[in-house]
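Listed next: structures, encoded as C-alpha cells.
Next come two complexes, and both contain subunit A; in the first it sits with subunit B, in the second with subunit C.
So, the complex of A and B:
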C-alpha cells in the first residue's frame, strides 16, 4: 500500500514537472507570460512618453521661474500667481463656460440627427451612408475646417451676404467673426460628429419591437421617448459627451483663429506662456486644465456606469 | 401617428445639419477659385486657378508670399508613415496580448486609452519640459514622433481588439496542432484574418498623424510640419491660397479613404471566395 502511494506521487510529479503544477496550469502560465511580453512594449511606450511627461508638468509647476528659464528649486510662486490673478482665473472660467455651451449645443443639435439616422431610417445601407456622410469631415484637416469659418462669418462673409440679400439685416453683422459666438459656432460644427456617432450607434441597437409594443399599449411619442429611447441612448450620450468635453477643454486653435484673441482658454494661456518661455506658469495652467478634465469625466461617468451597459 | 409627422421633419433637419457640416468647406472650395486680385471673401472677381498656381509657385512673384509647404509636406508624410508603422505594430501586438486574460488588464487598457484622451497641448508641454530637462533637442522625428504614436496607438489598439474579439481561435489552433510553426501560423493564418483590421488601424494612424497639430506644436523644434505651417498663417491675414491648399489636402484625404475602401473591398471579396471554396469541398 505504501509503495503504491509513493508510485502515484512520483507519477504525478513527473507529469507536472519540477514545480508540481499540472500541465494545464503550466500552459496557462506560459500563455500569461507571452501576453505580458506582448503588452510590455505598448505599456513602456505609454509610460515613457505619456505618463512621464504628465508627471513632469506637475513637477515643473512647482519650479522657480526666472526671466528666460526655470530652476528646479521648489516653490509655489507660480501657483500663487495663477490663483490670485483675475486674468488667469477668468480664462479658467471662460474655458468651463465655453465647454458647457458647446457640450449643450452639440447634444441639442446632434441628438435629433442621431434619432433620425439611428431610429427612423430602417434601411441599413441608407443608415450607413448617412453616418459616413456625417463622419467624412472628420477625415479632413482640422485647421482647414477652422479656417473655413472665416469666409463664412466675416463682415463680408457668406452669411452676412445672404442675410443682406434676404433683407433681414441692413448692415452686416460684425459680431459673427472675431467674437465668442464665432468660437462657439466653429467648435459646435467641428465636434458635433463625436456626439452624433455614439448616440446613433446606441439608438440603432434598440429593438423596434419594444417601441412597437409600447405604441400598441397606447403610449404617445413623448412617453416612448422619455421612457424607452432616451434611457437606452444614455450610454451613447455619455460617450459622446466625454469625447466632446475632452476635445473642447484642450482646445486653443479655434479660439486663436476665430475670436481674434478675445477668447483666451486655458489652452491659449499655455501656448502663450510657452511662447514667452514661462514654463513653470504654463505647467500650472496645464495642471489646472488636467484637474478640470478629470473632474468632468468623473462626473460624466457617475451618470451612467458604462461598463455595466456594454 | 406622430412618428409619421416626425420623420419628414427630422429628415429635413438632418439635411440642414449636413449642410451645416459641409457649408463652410463648400464656400472655401468656391473661394479657392478667386481671381488674382480678389480677397478671401465674396464677390469672386474672376474665376481662375490663380491661387492653385500661386501655391505651386507657378505665378510671378507677388506681394503675397507663397505658403512654405514644400518641405513641411514631405516631413508630415514621413512622420505619418513612421507613426503608422509603429502604432499599428504596437496595436496588433498589444491586442494580441489581450487575448489572454491577465491581472491588471483593466489598468493596462485604460493606460492605453488615455493616450487618445489626454489633450495634445498637455502631453506636448510635458514632452517639451522633459526634453529640456534631459537636454534633448526637440525634433519632428523624435519628440513629436513619439507623441504621435501615443495618440494613434490607442486607435489602432481598439480596432485590433474589436477584430480579435470576433476571431475564431480554432483555426489558429488547428494550424498549430498540424505542426505549423507559430511564426508561419501568424503569417499564413492569423494575419490574413486580421488584415481588414490592420488596414483600418493604418488608415486611422496615418490620417490622425498627418493632421496632428496640438501635440506637434511644442515638440517639433525648428523644422515645421504641415499643420504647423498652416497654423502660422492664422495670426496673419489670410489669402485664398490657403483655401486652395485646403481643397488639395482634402482631396488627398479622400484619395486615401478611396484607396482604403478599394483594398477593404478586395479583402472582403477574398474572404468570401475562401469561404465558398470551403463549402464546395
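So, the complex of A and C:
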C-alpha cells in the first residue's frame, strides 16, 4: 500500500514538474484562451467598422466646412449652426416625437397580437405559423412596403374609395397621404412585428399553471394581467422597444416617401446634407442622433435588467 | 362537504371522468390513489374550476360550484410543479391571494403582514420572506406553494402529487408536516398520488380512482385489508391477482385449485379473481413431500432487497407472475435458486375472492 502511495505521489510531482501548473490552472488557462479566440473576430469587426467610424464622425463634426470641401481645421461652427437653428432643433424634436408615437402605437397594437399568439394559442406549430405570417411582408423590399402605402392612402387611394363608397365622406381625405399621419401609419405597420416577436417569445414561456395558480388564489383577469402576465413579459417589451426605437430613430425613407417633405427627421437631414457634400454638418446631426439613441436605450435598459432574465 | 355526483369529462374520444360520484367530508385528509392516466388531475381540475364537467354536478355545502369561475370557488390548489410566481419574492408569493383576490382583498398592511408571518411560521419558512423563489430549494418551494394557498383560507385544498418533485428524504418529512398542518387548520385536504404507500400513509380516507370513476373509498386500513374489487387490490400493489373460475365452492385456475373462504354462492364456471397478499405466502421446497392443500408451484425468477424486506418473484407453470414478500424481522429467508421449482403455500382463509365483472 505504502509503495503504491509513493508511486502516486511521485507521478503527481512529475506531472506538476512538467510545466509547473496544477491541472485546474491548466484548464482555466485553456478556457481563457478559448474565450479570447471566440471573442476576437467580433472585437476586431466592431473596432474597425463601429468604434473607428464613430470616432471619425465626432472628429469630422469639428472640421471646417466650405461650400464644396471640408478641411481638417478644428472649429465649432457646425455645432453652433445646428444648436442655434430652429429648423434643425425642430427636426430633432420631430424625430423624438415620431419615435414616441410609433413606439406607443406598436406596443398598443403589438401586445394584444402577442398575447393571442403567445398565450391563447398553446399549439407550438400554430404559434410558429402565426409568427411566420407576421413576417410575410418582409419578403418584399423595404421601399416597396413603404411605397405601397401611397395607393392605399392617396386621394384616389383604396381607403378614400371605400370611405366614399360607404358614404362616410363626400370629398376624399387629403390628410391621409403626404402628412405626418402617413409617416406614423407606415412606420407602425413596418415596425410592429419587431414588437410582436420578442413579446410573444416571453409570453409563450409563461407556465400556464402559474396563471391558473393566480386564478385559484382569487385574482380576476385584470389583476392577473397587471401583476403576473405583464411583469413576466416585460423583458420582451423592452427588447421589442429597443428594436423599434433603434430603427425608427434612424429612419429617413418612410418620411421621405410618405410625408411629401413635410416631416424632416434627423435621418432626412443627414441624407440631404451628405447629398450636398456638407460632411461636417451631417456629422453633427449624426452625433446628435447617436446620443439620442444611446439615451433611449439606456433608459429602456433601466426599466428591466435583461441580464438577470434567464 | 364537497360532493361530486355523476361527473363526466371527455376530451375528444377519451373519457377522463366517467359518471364519477364521491363525497369528501369536512376536516379530513383524503388521499386519492390512481395510476397515471386514471383521471386524477382532471378530477382536481374539475373541482378547482380549470375545467368544467360535460355533465354532473359539483357542490360544496349545497352550493353549486360547477359553472362558477375558478377564482370565486374558494378551493385551494397546490400544483405539482408548484407554479410559483417567478418574479415575486417568497413573501409576495404568499401575500398574492390576500392582496389581489377579487372578493374582499386585504388592504390593511398590518393584518397582511401578520397573516403572512403566521403562515410562514406554520410551514417553517422563517427568514426567507425576501428571497426570490428561484433562489430557494425544492422543499422550500413546496412550502411556499402550500403557504400561498393556505393563507387564503380555502375550504378544501387540492394537492396534485405534492411530493412528486421532492427527494425521498424530504418526502417523508413533508408527509408528517402536511398531516399536522391540516390537523391544526381543520380544513379538508384532497391529496392525489400515484403511490399506494403515500396514499395509505397520508389519507384518513383513501379513494381509489380507476378508469375515470371511484372504485372504492374507505379508511386506509380497511381499504388495504379488504379491497372491494380486484381492481382496487391491483392498485394497492400488495396483492397477487389470480384469474380462474368457480367450481363447487372452489377456485380453479391453470395453476391453482383451492377452497374459497366463506363459500361464495356463485354458479360453477363463474369467472373469479382472487387476491392473495404478497406477505401471506410461504415458500417451501417443491420436493418436501406432500404439497399442502392450498399451494401453487412456481419457478423462482429473481428477488429485490428493500432493506427491511425481500420481494421475490416467481412464475407459475401457466405463466402467472407471483410476488412474495419476506420481512427480515423474522428468521432470515433462505436464498432461492434461479429457475428452480418451489411450493408457494398459503392459508385459503387469507384469500379474497371477487366475481370478475364482464369487461
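One rule holds in what follows: the second predicted complex is superposed on the first by the 274 of 310 C-alpha atoms of A that agree within 3 Å, B and C clash if a C-alpha of one lies under 4 Å from a C-alpha of the other, contacts with A are read in each partner's own complex, and residues count from 1 in each chain.
The criterion applied here is as follows: a contact is a pair of C-beta atoms (placed from the backbone, for glycine too) under 8 Å apart; a residue touches a chain by one contact, two chains touch by 3 or more.
Please read these numbers as outputs of a predicted model, since none were measured by experiment.
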Simultaneous placement of subunit C and subunit B on subunit A, clash or fit: fit
First (subunit B), second (subunit C), both or neither touched by A:209: second
Subunit B versus subunit C as contact partner of A:231, first or second or both or neither: second
Subunit B versus subunit C as contact partner of A:294, first or second or both or neither: neither
From subunit A, separation angle of subunit B and subunit C (C-alpha centres, steps of 10 degrees): 90
Superposed model, subunit A: greater residue contact from subunit B or subunit C: B
Which of subunit B and subunit C A:56 touches, first, second, both or neither: first
Partner chain in contact with A:46 - subunit B first, subunit C second, else both or neither: first
Which of subunit B and subunit C A:220 touches, first, second, both or neither: both
Overlay on chain A, subunit C to subunit B nearest C-alpha distance, Å: 6
Subunit B and subunit C footprints on subunit A, overlapping residues: 220
Subunit A - residues contacting subunit B, complex: 31-32, 34-39, 41-43, 45-57, 60, 109, 112-113, 115-117, 120, 130, 133-134, 136-137, 139-145, 147-152, 154, 156-158, 161, 189, 192-193, 220-221, 242, 246-247, 249-250, 252-253, 256-257, 267, 270-271, 274, 279, 282-283, 286, 289-290, 293, 297
In the complex, subunit C residues that touch subunit A: 48, 50, 69-72, 75-77, 79, 81, 83-87, 96-97, 100-103, 148-149, 152
Subunit A-touching residues of subunit B, taken from the complex the two chains share: 2-3, 6-7, 10-11, 13-14, 17-18, 20-25, 27-28, 31, 39-42, 90-91, 93-94, 96-100, 102, 108, 111-112, 114-115, 117-123, 125-130, 132-133, 146-147, 149-150, 153, 157, 207, 211, 213-214, 217-218, 227, 230-231, 234-235, 238, 242-243, 245-246, 249-250, 253-254, 256-257
Interface residues, subunit A side, partner subunit C - complex: 207, 209-210, 212-220, 223, 227-228, 231-232
